[in-house]
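This is the structure I want to talk about, given as C-alpha cells.
Note that the chains take the letters A, B, C and D in the order they are written out, and that residue 1 is the start of every chain.
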C-alpha cells in the first residue's frame, strides 16, 4: 500500500502520517518525486488502514492495489535506481559487463582471468569462493582463501569484485572482502539469507531462481529492501523448462517486465542460460536489446580445464569479440557500453 | 546421412551413386558448395549403406552422424537459404517484418490494417481466414471469403499475403489465394498437413509448437522439405512454461540454435510470446539482436475490438514506433530493415 | 450457458424455449435428471440471451457461469456417461484395460499380441495402423493393411479394437474397421480432426496433448460432442515438464479433476507417461486409485524388437502380472477389474 | 563408487581397504548384505582409484558407474531403510500418515488440530513454527513459541512432532523441541542447511524442490547422509509445470523411481500438490498405490480461517474420511495403515 502526500505539505503533517502508521506497528519508507511524497507502508496493514489514512488531510490518495512488493515497485519510486559498485554505476545510461570465472580456482588463474576482463573491457570481476553445488562431492570453492584472492585481484587490476554468499553466517565475512554480494539462483528462496544481506550495506546482486516467477523474484527483492538495503540489482539467468538444447531457457521477456515493475537495475546472465559458449554472444546482444542494464558472463583463461561450467565459459578472445559486438547494440539502444580500461 | 562427393567428379560417377541409393529404395537430394556435392540420403538407410557408399570411388566421405533432419541441416546446405515471398526475399541481409491482424474480420478492417502495415513499413501482410480456436464456440474465421479479402488487400496495397492453413484438404484452396502458407503452432505436429504443404510450391511459414523441442521443429521442417518444397521459413513464437506473467516464454536462444543447425530463415513472433502489446517492441528488438531474419507481429486498427488476440496486437501507431526502433538495431547487426513503401 | 427447466413442465413450453434459442442461431442439447431438464446452449450466445431466457416462464434458472464446455460438463449431465465399445462398457463400475502394441507391425505379431491381451485379461485391443511420427523417416504404420489385420485379430479373439486416426480424410476408412477411434496427443489441438470424428458415430478415445491444460482437453472434447458424437472417452497420458527421468510426467491429479468437471469416462495411459516398462504397474495402480475408469497400456510379444516404443512396452508376462496386481486395487476402490476371458 | 568385499573376508583385509581409501583423503561407509560388504567411497576419487582398489585381493569388484549419490543408493544398501520417529517406524510395512496445520497459529488451535489428528488416526503431528514465505510481509511463524506449543501438544496427545527448519543457525533450537526436522521444498537446494541437519541426529524429512529433478533430490539427500545422519525420509510434493488447475503437479512416478533408486523411505504430500482440499484424498490414494510409505497432509480445525494454505487443508472430518478410504488401498498393497490411537 502506498500513501501519496503533496510534496508541499508541511513536515509536521507528514510526520503525523508516519507516526500514525508506526503507531499500528508498521513501518514507512518515503520516496520523493518532483510533486509528491510516496509513502510505502511496510508490513501487513489492518483492514481499515487505507480508509483511516485517506481521512487524514495530508494524504491525497491511497493506492490500495499497489503491488505486494511496495519498496521495489515503480509505484513507490518512479525513477530508476542507480547502484554504485566500486567506481562503477549500474542502472544509468552505461551498459555494464561483469565477467570472470565460475569459481576462484587458484591465485594465478584468477589474476589471469582478471587481466582478461580488463583487456576485454569488462567493468567488474566475478568469481565464486563459496559454490553451491548439486553434489556434496563436487568442488565447493576455496572459501576465505578465495575471497582473499579476489581482493588481491582487485588490488592489482582495479576491478571491483562480485562474489556469491550462500549462508547468513557468512555474510559478514564475504562483505569484508567483496564489493557486491551475489545471491545465486538456488538461494533466491532462502529468505533468511535475503534478510541477512538486507541488513548490511554492500550492494547485492540477486539472481532469479530457476523455478521462480517474476513476481516471486520481486518479492525476494522486497526482503532485501525491507531489511534496509536499497542497493539491489536483479538478474535474469534462465528458467527451467522442457527444452533440453540449452541448459536453461533465458526468459528474455523478464527484462522489459522487470523494468516496468521495478526501479531496480536489471542484468542478464547469458552464460547460465545458454550452457554453451557459442550461444553466449547472441543472448548477450538480445539482453541489451531487450533493455537490460548490463550482463554477467562467465569467462575462463582455459575453459576446458575449469573446475565447473567450462562448457559455458567464454575464452578471453571470445569475451573480447563479444564485447566488440555489444558496442553497436548499446548505441542502437541510445546507451553506451562501459569499457573502463580498454 | 550425407555422402560427400568431389565437385570435379564426373557426372557419370555421381549418377552412379544416386542410382545406387535409389536402388535400395531411398531418395537423394543434392546440394552444391564450391568444392563439394553433398548428397542427403532421404529415408531410413539399411545398416550397411554407409559402408557400401564409402566403398564407391566417387564418395569422399560419409557423414554417418549427421542430424536426423538431413535436408534442413547446415551440413547438407552450408549456405543460408533465401525464400522469396511476392517481391520480398527472406533470409538475406534485409530484416523483413510481416504484420497484420490475428484474423481477417471484415473487408474494411483488413484494408485499414493493410494500409497501416504499408505506412509503418511492413513488408508483408498477415491475417487468418481459418483460425484454430481452443473452443468450438469461438470465431473460427471467415474461410474463403477471408482469403478473397486478403487477395483484394494485396491488389490494393501491393503487399504479398501470409495466411494459415489448418487441414490438408484446404491446402489447394489457401494456396490459390495466398503468397505464403502458415502452419500454426498447434499444427506443428500435424504431419499430414506438413506433407501436404510440402507437396505444393508456395513458400511455407512453420511455427514452433508451444511445447515442441527445437529438434522436433527441425524434424517437422524435414517433413516439408522431404515432400519436395524447399521454400520454408521457421518461426519461434514462445513456449509454454510455468511463468504466468507472459502468455508464453519467448525462447530467444532458439534463434542462434536454429541458425546454427539449419540453413532455413528464422523469424520471431513477439506478439504470441508476450501476450501484451507493451512488451512486443522489446521482444522484437531482442529477436533481431539474437540473429533473426525478421518478425511476424499482430497489429490491428482497433485492438480493443479485435475478435481475438486484441490484448497483444499493436496499434498502427505502436507498430510504426516499433519499426522506427528496429532500424538502429538492424544496422547494429550489420543488416538493413526492409521498409518497402515508407 | 445452461438453462434449467422443471421436468414436469409441459412439452409445449419446453419446445418454446428450444425454438427461441434456435431462433437466435444457436443450438440446444437437452439432458434429463430426475427433476430437471438441463438445456445446454451450444454456440456463442448474444449478451442479452440469459436475461431473455430467464424471463420465460418455463425457465427456472439460467446458469450463466457454467463452464465454456457445456456439453461435456457435469453441470449439463450430472450422471457419469457410459460408453460401449464392442461388448465392453467403459465408465461403469468395471475397470477396463486396453492393451496391445504401439504399432501394428505384422499379421502374426499382432495375433500373438492379441492372444496375450486375452490371456492377461485385457478387455480391448489397441494397435496403430497410422502412426504420427516425429521424423518423416520413421516407420509411419501399415495403413489400411494394418486396419485389416486389426479386424482379423478381432475376428479371431473377440476383442474389439481401438486404433488411431490422424487426418479427417481417413476417418471414414478407419471407422469402417475399428470399434473405437483414437485421437493421439499430438492431434488434440487438431480441431478439424476433432470435428470429423464428432460427425461419425463410432466411440472416440481422446488423449490429452502433451502440452495441453485440462481446460483445453475439455474444450477439445466439446468439439467432438458439439459435432454430434456423445460417445467420447478422455485419457491422461502424461505432460511435458522439466523432469527427464521419465518420458513424460503423469498428471495424476488430472483424474479427479476430470471426474469432477465432466461426465465422460477417464482412462490413464501409464506407458507413454513412464517411458519405461518397469514403472508402468505402479502408475497403473495409481491411476485406478485416483479414480480412473480404466487404462490403455502398450504390450508387445517381443518389446526389444518393436518398431517403436519398445522400451515402454510390457511383455505378455509383465502385462499379466500387472493385471493380477490391479484386482485388489480395483476392489479397494469398490470396483471390479474386468477380465473377460481369463 | 562402490567397492564390493566378500563378507567372509578377514577384518584385517577389510581394514586395509578402508585405510587405503582414507589414505587418499576420502571417506568410506560400509553397508552389509548377507554375502557382501559394500563400501561406498565418499568424495571425489582420483582417476586411478578404481584400478588400484580392484588390484587389492580383498576387493571382489568395483562398481565404477554406481550413481553419484552413493550412500542413498540401493546399490550401497539394497534393503529398505526404516526410520524411527518417536514410537513410529517409517519405511516398514505400515503406512504412516503425518497430519496437522500448515503453521502453528495458537496454542488452542494447535491442540485442537492435534486431537483431530489422533481422532482420524494420524501417526505424527506436523505444524510450522518457522515459515518460509514468499512475501516478507506474510506471517512468518511463531518461532520458538510455536516450537514450545508443538512440544506441549506432544505431551498431551502422545504424537511425535515434525516441524520445518529454515536456517543452519536454527537447527539446534528446532532439534531440541522436534522429533523430526523438515527441510521444505524451497530449501532443498540450501546445501549449508542440508549439511547442518546431517550433522545432528534427529531424523529429517526432505521435500523435493518444486523444480528439482529426481537426481537433484537424491544428491540433496546425499548431503545429509554424507554429513553423518542416515535417518532421512524423502517426500514428493508436486513440481511446477504449465498446468494451472492445480497448485503443483504431483509427479506420482517419482515414487516408484525413488523406491528403485534409494533405500530411503518415501512419502507423498498430496496437499501442496493439489492446492485444493477436494483433490487431496484421490492423490493420497494414488500415492499409496504407487508405493509410498506414507503421507504428510495439511489439516486445520477451521481451514477458512487458517493463516496460510487454508484452501488445501482438510477439515478434521475430511481427514477422517480420507483415512477410512486409505485402509483398503493399503491392504491392496499388502500393507497396513497405521492408525495408532483410533
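Some notes on this structure:
Assume contacts are C-beta pairs under 8 Å (C-beta built on N, C-alpha and C of every residue); 3 or more make two chains touch, one makes a residue touch a chain.
On a predicted model such as this, the values are computed, not experimentally measured, just so you know.
For B-C, the equivalent interface within B-D, A-D or A-C is the one where over half of the contact pairs agree by residue number, namely A-D. Between B-D and A-B, more contacting C-beta pairs join the chains of A-B. Between chain A and chain D the centroid-to-centroid distance comes to 34 Å (mean Cα coordinates, whole Å). Separating the centre of chain B from that of chain D, both taken as means of CA atoms, is a distance of 49 Å. With centres taken as mean Cα positions, chain B sits 37 Å from chain A. Each of residues 211, 240-242, 244 in chain C touches at least two other chains.
Within the complex formed with chain C, the residues of chain D that make contact are 211, 213-215, 239, 241-246, 249-253, 255-257, 260, 273-274, 278-279, 282-283, 285-291, 328-329, 331-333. Contact residues on chain B toward chain C in their complex (touch as defined above): 42-44, 68-69, 132-139, 166-169, 186-187, 189-193, 195, 209-211, 216, 219, 222-223, 226-227, 240.
The touching residues of chain C, when paired with chain A in their complex, are 240-242, 244.
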